[in-house]
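Shared between the two complexes below is subunit A, which pairs with subunit B and subunit C, respectively.
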Partner chain A sequence: MTGIEFYVVVLLVYLGTDLLAAWGLNLEYGISGVANLAYIVVIAAGAYTYAILSLGPDSGNGGFQLYVVGWQLPFAVAVIAAAAVGALVGVIIGVTGLKRIRQDYQGMVMLVISLMAVTVVGADTGFLNGQAGLSLIPNPFSSLSPAVGDWAYVAMVALACVIGFFVMRRFTGGPMGRALRAMRDDEHAVAAMGFSVIRLRLMSQAVGGAFGGVSGALLAAFIGGWSPGAWAYVETLALLTAIIVGGMGNDMGVSLGTFVIAVLLLQAVQFLPQISSHTGLTEALGWIILGVLTITFLWVRPQGIFKERRPFYRSPGETERSAPGDSATGRVAAPRA
Partner chain B sequence: MSFHASHDEVSGGVTSSATQVAATNFGSPILKVTDLVKQYGGVRAVDGVSFEVQPGTIVGIIGPNGAGKSTALTMISGFASPTSGRIEFGGQDVTHQPMHMRARQGLVRTFQIARVFDGLTAIENLIVAVPNQRSLTPMGLLAGRRYWKQEEDAIVDRAYHLMETFGMGEKANERARNLSGGQRRAVEIMRTLMMRPKLLLVDEPMAGLNPRLTHQLEDIFLELRAQGLTVVLIEHELGTVERICSEVLVMAWGKIIAQGGMAELRTRREVQDAYVIG
Partner chain C sequence: MHLLIEAIGFGVASGAVLALGAVGFTLQFGISNVLNITYGSLMTLAAFLGAFLLGLGLNVWLVMALGGLLIGVASVALNRGLLSPLIRRGLQPFGLIIVTVSAGIVVQYMIVAVAGPSTVAYGNLSGATLHFLGWTLTTAQVVILVVALVLMVGLHILLTRTQLGRAMRATSSNRTLARSCGIATTRIGDIAWFLSGTFCGMAGIALAITVESFDFTLGSVVLIPIIAAAVLGGVGQPYGAMVGGLVVGIVSQVSAAYWSPSYENVVALAMLIVMLLVRPRGLFGANSSSRKLLA
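Moving on to the complex of A and B:
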């Protein structure tokens, strides 16, 4: 495998895992209105879960790293467990935001959770090997040649994205998406209609958390390592920027935003020449551009590149006149921007 | 706009059993409020309010600003908890039930300032309100559209009929954020009707409506009452109260100071004083 081919593989795996995470966060923030600035925690929970369920006992490899559990489960089982733990952590984070506080305060609470989580995990070496993190996390295709194994991994991530997209559409589109968007717009009014806001919110954060968990697991298995440096709070802000730029509440817009931000932008800055007098400036430039983009879009085009789609319902008379093909989405004709 | 459509179109189909209850059931109130108190620090916004509402009636609550009308309604709906007192709905104690549980039992409210879902279209605002939709169950999520399409189509039909009855059929696919104040108010009321409530609590529904719309809404409330819907209405427009309410409560300083028919209340000295002094 050539260097450029490997680079493409890395980009595609990053894109796929970022897409899963961005869809999950979009469900929570863009659709349900929960400002989950601790979203990276569920990704980390998925990554660590996969690691400790697939690495085997920590006495292996000379016992150079310490961690809990230490099972050696099949890849699929470990990924499903990562999704479950992501969902559980999502719900636990969600509980902290249930107190009826404004969305900006809710975001602040979750940001603090994110900072606390990374500090706690980094401080305890016996739990998940502290700041050094976990390495030698198994790749399911490691027995294949690198050329085949890497592309097989890309195919598997692509499959996860296709499945993930259709699963996510059940929640973001159709009646469930409608109920969640109603909650986003006015949680008191939605409670006055008989909906349990607590249930809706926690469901949204469980599903979003499961997506984050799978994303983390697939990323950790590909990279082969995971440490607190990989899940700083700014990673959530990168996903948030992708959602704001692409179009909150619009699955296609979020996908485009993820491609532009997570792949094009953050990779492009790495090709800028290093300035010897300011080491680290190039890397920081990526985050600076992200911040500027977020502020610019919130000012100039808060709906993002693609607006949230508006379903168009035909009146009973129109339905009788409509062609059979129009009934593909029930009484809903093509969405309008 | 015409309001000569069938009652079922107006209400979204309030059940006939509700009508029977309305016709026969006097002495068994649908709502019973006993000694309701709401205290904020040293201020008693609602101070020992007690009243009963019979099924199939429209009860008006009037009074000067700050009388405690909206606070009382807020507690009855479950939006806020009372400091003390008891609220019974349909014979059940609902004092400590959250708002969404009361709404599921048919105790539904609108807000003083119309609250619509701005990001949804007008018709989506109505569709989303229908309770117990198959599409929102775990099975509905798993099985997909085939499982709930028929029900969804019927809900869309109902919503369209209701919007046309309110003269808003053409606005069905407009985003709610683009609607005028009166249209938002109408959407909020239609949304509650989609829920087929047993008791509707409405807070100043005529606020911001022009006289033509006000009269149209009065007609709608009267038609709903004829079908058995019970309405508790806070309203400053006394002409409206006189035209549609069978019973009127006057609140001032957190208490009910008088009750009866509007024509009689207009002549009562304490009511006049409350409006002048209160």
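Moving on to the complex of A and C:
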């Protein structure tokens, strides 16, 4: 397998896993309005779950790493378990979002949860091998030759994305999507329509968490290792930037944003030649550009490249331009007779 | 018992640094109503600026004062150049927190781009070890403790005894009413951001003096106990933040002594979460700025 081919494989796998994660976060933030700055924690939960359910007992390989559970389950079972754990962690994080406090305050709490989770996992070496993290996480295609195995992995991730896309459409579009968007724009109105705000919010946290869990599991199985360094809080911001730049609440926009931000900007730059006197310079530049992009978009075009499409009720002949309401201000358009 | 007393001593020393940081964080929030997550990165920036200034051969306490001033200016620039214009454009609170997080990341990685990702140390500045009241502290820690105390008393005098302090408190409790009374609230805002930055910078350098070494993540790690201290005392209340800083410092150090040092910050988070779920307005009842937090 040539270098360039491997490069493409890596970027494709990153794209697939980032897409799953970005859709999940978009459901929580873009659609349901929960300021989840701790999203990377569910991705990490999925990755660790997959690892401890597929590595086998920690006495293997000379017992050089310590972790709990240590089963050796089939790949599919481990991934499904990762989704379940992701959903559970998502709901636990979401409970703090139920408290009726200001959105920025809530975001700050989520941020602290994210910082904290890294600290706790890093501090406890007996739980998930602490700061060193887990390695030798099995790849399901390791029995195939590297060239075939890598492309098989890409195909599997692509399949997961296709399934994920159609599952996600059930939540972002249709009656469920309308209910969630309505909850984001006006909690009281949606409660008056007979929806349980708590149930809607926790459901979106669970679904978003499951997407994050699968994303993390697929990523960890591909890389073969997972450590606290892989899930710093800034990773959540990369996904958020993808959503903001692409257009929050718009599936197309989020997908495009993920490709441009999470893959081209953050992953691709890491393959640029390093300047030996400045290690980490290219990575740092990637993050600086990311931060500047987020701020620029929030300043100039807060609705993103692709505006969220609102389900208007229009009378025949009426154009979208004359429809009331403006998605940029977050107001709900009143139905017109 | 001896261990407990000693741990409390360490707690007071680290609590003094936390209190400095928390007071700056909370003072600015009370007046401008913006949760400034860039704060952590500005602390890191202060620590690195301090390393640079120390390299020029300046005295460490002069460096601390200079760092405070520089970060104060940076903090005003952050507000005037970025946050205020965005608020005028109608950006919602959650957008604003994404902006401050992003700005923090930009600052943090600019530090990496310039200074590199490796750890930095100020060298041994701790001086002779002092023993009193059963506490064992280094001279540097004692000086920081005294500096923090002087700054707190200074802030207290500023807030209660001067025209400016009254104007600041008025702006914090009701901005619109304060403006109607002829207080230049924008200027008060600038002063609050400057003071906040000064506290932030001094706390950053004080922290860098007390730790063995640090890297570009310094600020994002210490942000947890600082936010915990600020929330504990009620966000927006400087006196609450002073007490909060001490409480978080002492509790963290005592739990580190009896349990495990690596869980120091975990206790801070546990306190933060409990406070938030049980009593989001802080220990000392509600003032108007902590009431603003409830949606």
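One rule holds in what follows: the second predicted complex is superposed on the first by the 297 of 337 C-alpha atoms of A that agree within 3 Å, B and C clash if a C-alpha of one lies under 4 Å from a C-alpha of the other, contacts with A are read in each partner's own complex, and residues count from 1 in each chain.
Definition applied: a residue touches a chain if its C-beta (ideal position, glycine included) is under 8 Å from a C-beta of that chain, and two chains touch if they have at least 3 such contacts.
Please read all numbers here as calculations on a predicted model, not as lab measurements.
> Looking at A:I223, would you say it contacts subunit B, subunit C, both, or neither? Reply first, second, both or neither.
Once the two structures are laid over each other on A, A:I223 reaches no partner at all.
> Which of the two partners, first being subunit B and second being subunit C, lies in contact with A:L240: first, second, both, or neither?
Second partner only, subunit C.
> Look at A:E308 in the shared chain and tell me whether it touches subunit B only, subunit C only, both, or neither; answer first, second, both or neither.
It touches subunit B, and subunit C stays clear.
> Please work out whether A:A132 is in contact with subunit B alone, subunit C alone, both, or neither, and reply first, second, both or neither.
Neither partner.
> Can A:L290 be said to touch subunit B (first), subunit C (second), both, or neither?
second
> Tell me which touches more residues of subunit A here: subunit C or subunit B.
The larger set of subunit A residues in touch belongs to C.
> So, A:V8: does it touch subunit B (first), subunit C (second), both, or neither?
A:V8 contacts neither subunit B nor subunit C.
> Both subunit B and subunit C touch subunit A; at which residues?
Residues common to the subunit A contacts of subunit C and of subunit B are 329-330, listed in rising order.
> Subunit A touches which residues of subunit B in the complex?
Its residues touching subunit A are 77, 79, 98-101, 103-104, 108-109, 111, 115-121, 123-125, 127-129, 131, 133, 135-136, 140-141, 144-145, 148-149, 152-153, 156-157, 159-161, 164, 169, 172-173, 175, 191, 195.
> For subunit A, which residues are in contact with subunit C within the complex?
35, 37, 96, 99-109, 111-113, 115-116, 119-120, 122-124, 233-234, 237, 240-241, 244, 278-281, 283-285, 287-288, 290-292, 294-295, 298-299, 302, 329-330
> Along subunit C, where are the residues that touch subunit A in the complex?
35, 37, 82, 85-86, 89-99, 101-106, 108-110, 112-113, 116-117, 220-221, 223-224, 227-228, 235, 260, 262-263, 265-266, 269, 272-273, 276-277, 280, 292-295
> Could you pull out which subunit A residues touch subunit B in their complex?
Per the stated touch rule, the residues are 170-171, 174-176, 178-179, 181-182, 184-186, 188-197, 249, 308, 310-313, 315-316, 319, 329-331, 336.
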